[in-house]
Amino acid sequence: MITLDAVTKMYPKSRRPALDDISVQVEKGEFVFFIGPSGSGKSTFIKLLLREEVPTQGKVWIAGKDLAAIRSWKVPQLRRSIGCVFQDFRLLPNKTAAENVAFALEVIGKTRPVIRRIVPEVLSLVGLEGKENRYPNELSGGEQQRVAVARAFVNRPLVLLADEPTGNLDPDTSIEIMRLLDRINRTGTTVVMVTHDANIVNQMRRRVVELDRGRVVRDQNRGVYG
Amino acid sequence: MRAKFVLSEAATGLWRNVTMTIAMIITTAISLALLGAGGLLYVQIQETKDLLRNKVEVMVFLKDDASPQDKKALEEKFRDDSLVRDFEFESREQAHERFKELFKHSPDFVAGVSKQALPESYRVRLKNPGDYSALADEYKSEKGVSRVSSQQETVSQLFAMIDAIKNTTFIVAVMQAVAALLLMANTIQVAAYSRRREVSIMKLVGASNWYVRLPFVLEAAIAGLIGALLAWLGLVVAKVMLIDKALKPIFTSGLIPVIEWSDIMMTGPILAMVAIVVAGVTGWSTLRFYVKV
Amino acid sequence: MRAKFVLSEAATGLWRNVTMTIAMIITTAISLALLGAGGLLYVQIQETKDLLRNKVEVMVFLKDDASPQDKKALEEKFRDDSLVRDFEFESREQAHERFKELFKHSPDFVAGVSKQALPESYRVRLKNPGDYSALADEYKSEKGVSRVSSQQETVSQLFAMIDAIKNTTFIVAVMQAVAALLLMANTIQVAAYSRRREVSIMKLVGASNWYVRLPFVLEAAIAGLIGALLAWLGLVVAKVMLIDKALKPIFTSGLIPVIEWSDIMMTGPILAMVAIVVAGVTGWSTLRFYVKV
Amino acid sequence: MITLDAVTKMYPKSRRPALDDISVQVEKGEFVFFIGPSGSGKSTFIKLLLREEVPTQGKVWIAGKDLAAIRSWKVPQLRRSIGCVFQDFRLLPNKTAAENVAFALEVIGKTRPVIRRIVPEVLSLVGLEGKENRYPNELSGGEQQRVAVARAFVNRPLVLLADEPTGNLDPDTSIEIMRLLDRINRTGTTVVMVTHDANIVNQMRRRVVELDRGRVVRDQNRGVYG
């Protein structure tokens, strides 16, 4: 599903590459944890998959498509098949929670009635019933994060990328979200999750890829955090 | 993509960025009002010139002793002449009347000029005002003719002056057009700039360029349209307050044509079109500039 | 608070929000250029009016048979008259010369008027142009006087026209001033709006109002100053290109005073001051509006 | 040091209060964890202390001053004595990491030479040497968070408020930051820290205040997370 072949990413301003000659393969339907210290390149990995950044060297394939070869006007199509929880949420500040989630559906051309049915369902799945009409700045950190999670999976993407989806959540809510991701994964969605939460990784016992200073230092099936 | 969605996006966008919207509307209104005023002025002056061109006459003065035969011969010659559009005989009385009328603001001179001092004349209007010196050459040595006033110097001086004013208004109108474009484009760019984060998020969620830009362009166009409407209202108010009231003495002199309601009406759609085109083009192209993802 | 810090904050602010800065400069430049042009025009017309006022003369025409004694008596009366500033005798020859000069654009009429047709006269300039009818009443039945041209109607019509133009330019200038203020305030408000998050963060970290607003106000003032400079350069270019070249024919007529370099020069500091004051006041007051914390 | 007396905070749009009749007292030099599920009012508590929000009812005192009685032009002075790590970082996007930290010093009137000496020291304390001149959007999530931490304590405030200062950090870096906070606390600074990280709370064994739906449900010295 996802293949990185000898990918290096060098940001203009930094001295050492954020990703350094990385090759990773994720199969369809897999659930992979990406762990590693702060600044080790996890978010960069996700940005490459979304084509928010392009690799300095190497190639990235998603669902058999070489991202470097995709025409720029086809990029939106690619992104619609990928759901993403961003580390900094990236909610639209001018839209309410419900509108933020609805936006991901409007983009793929769902009709209003469908949207009006699905959005509240999904928001209540992440525990936000009653807060549909709040703007992001009227929600707590964890609530914003849950809106981001809801938006990422509402359109049933092929691949779900989650960058610290539980960073602002208490353990109980985190477990709820993890159950949700697990269920989504069982329906065949490939899930890539970046996390610092050792408890979650240890409990789930899935494949763990550990990065350090832009290199893969561990790639283990049914791994633990540390 | 559904029109309804795009429109509602545009409407909420306008409402949620009230500051930007108001800025956009005010700027557009002011710019377009300037542009419209410049344009009207230019058209005005062009019309003044046309009006004057049609007033150009060659005067063929008769000797005091010109006989009726001389006059008949002249009239026949005028009739056959391809340069002449029409002509008119002016008796001493008529000349004096006209003289009084023309110089009514200088009654002291009128008082000093007796009826007999003014000669009889033919007033000849040309098909093409440029031909006056040709006509003068043709008639100046005819029998009974004392002198042909070609008005050449007068006319060319007058036209030079009007051309100068016309060019100036043209330059002013063009500068105001440039200013209007700059201001509108400027405001739209700032609006786009202030949205760059929002737009980049939309694109990361998979929104196509159309999807992101169309509501924005529509917003700019709607704001532009409202601005154009205000500008046009401004011109209407100016017509009522300034042209029809304050400037009346100028127009009653008859030299300058009145700015008609039809002119004012016509500017409306033109301004609206300018607003929409500028908003559309700038809006569409500028968003790309600020959002690379 | 150290000036150096505030200044460097302002400089980096300008540089990092290039889009806003450019928008601010362009808007200010255009607005102020319009304002300056409107102001110059107004002053211009006021000057025209003053020029004309001083040209107002009462003409006392003499009978053809007026004796030298009559003239002497009149001259003495003029000299003692408190209404009269000065006076001048005009012989038939002078009258004819002046007639030819005045109507040189209508040589046909000049040709028709003989020297003898024009009467002798005294041309009296008044201390206060408003007194012309009083003077006319006083002299019209003096011995040797045929008629006193009070020019009343002429003058009042002319002045009405000039007043109309003056009022119009005044209104236009005021509207442009308002437009300039609106545009500038508008742009500064948008700049403030686009900074509201930044400012709220600064305030949460403990920055005082001075600390947050002063750099912003300075930025606006600097941008305004650059805009004023550009506007002033625009006026200089307009002086060279338009007034000194294109409009020459108008000014050589002598009726309208030339816009002098000194006028243009003076607009510079005025525009700069307007820019700074508007930027300062709007900048200072507007930030509060968008940032409540 | 900090006293809340029967404080209720009701946001305009919500049905139930974010803080509901809360009375808490924190002594000078204390180290207190605030825990609780997402949306329980922890960030609201911090916003009240900063006077970013004002209570609907009740009174808040800091260092003997009634916040409601402070004149608005004296609020900056109050804030300069409080360091705060915001949940969403709130770094100035137009300033580099170093400039962001320096800003907190400029605000209290430190001279340029002093600033130029202290800032790099503090940034290397949080592990960001070599990244001083990056803008926030050129830093990873964890790196931004560490800039926020550095800014919060660089001017040696009386009170340090930290809203999830380790939410985006891996366990090792988290422990570094906790050591730092502990050291700062030992110099006499009162520290209030909001966190979801059970491991940290359990290791530190400090006072724990647990909120739930805006009420204090537990207040325990030397407490644990769950």
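So that you can tell them apart, the chains are marked A, B, C and D in the order they are listed, and the count of residues begins at 1 in each.
Quick note on the criterion: contacts are C-beta pairs under 8 Å (C-beta built on N, C-alpha and C of every residue); 3 or more make two chains touch, one makes a residue touch a chain.
Please read all numbers here as calculations on a predicted model, not as lab measurements.
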item	value
Chain B and chain A - chains in contact with each	none
Highest-count interface - the chain pair sharing the most C-beta contacts	B-C
Centre distance in Å when chain B and chain D are each reduced to the mean of their C-alpha atoms	67
Gap in Å, rounded to a whole number, between the CA centres of chain C and chain B	24
Chain A-chain D separation of Cα centroids, rounded to whole Å	28
Sites on chain B at which at least two other chains make contact	none
Multi-chain contact sites of chain D, meaning residues that touch two or more partners	none
Graph class of chain-chain contacts, one of line, ring, star, complete, other	ring
In contact (per the touch rule at the top): chain pairs	A-B, A-D, B-C, C-D
Parts of chain C lying in touch with chain D, wherever the complex brings them together	1, 5, 12-13, 16-17, 198, 201-209, 211, 293
Chain C partner contacts - residues on chain D that touch it in the complex	50, 52, 73, 76-80, 82, 84, 86, 90-94, 103-104, 106-109, 151
Touching residues on chain B, where the partner in the complex is chain C	19-20, 22-23, 26-27, 30, 33-34, 59, 61, 95, 99, 102-103, 105-109, 111-114, 117-119, 121, 147, 149, 151, 153-154, 157-158, 160-161, 164-165, 167-168, 171, 179, 182-183, 186-187, 189-190, 193-194, 241-242, 246-250, 253, 290
Chain D-touching residues of chain A, taken from the complex the two chains share	11, 13-15, 35-39, 43-44, 87-88, 127, 130-131, 133-134, 138, 140-143, 145-146, 163-164, 167-174, 196, 198-199, 225-226
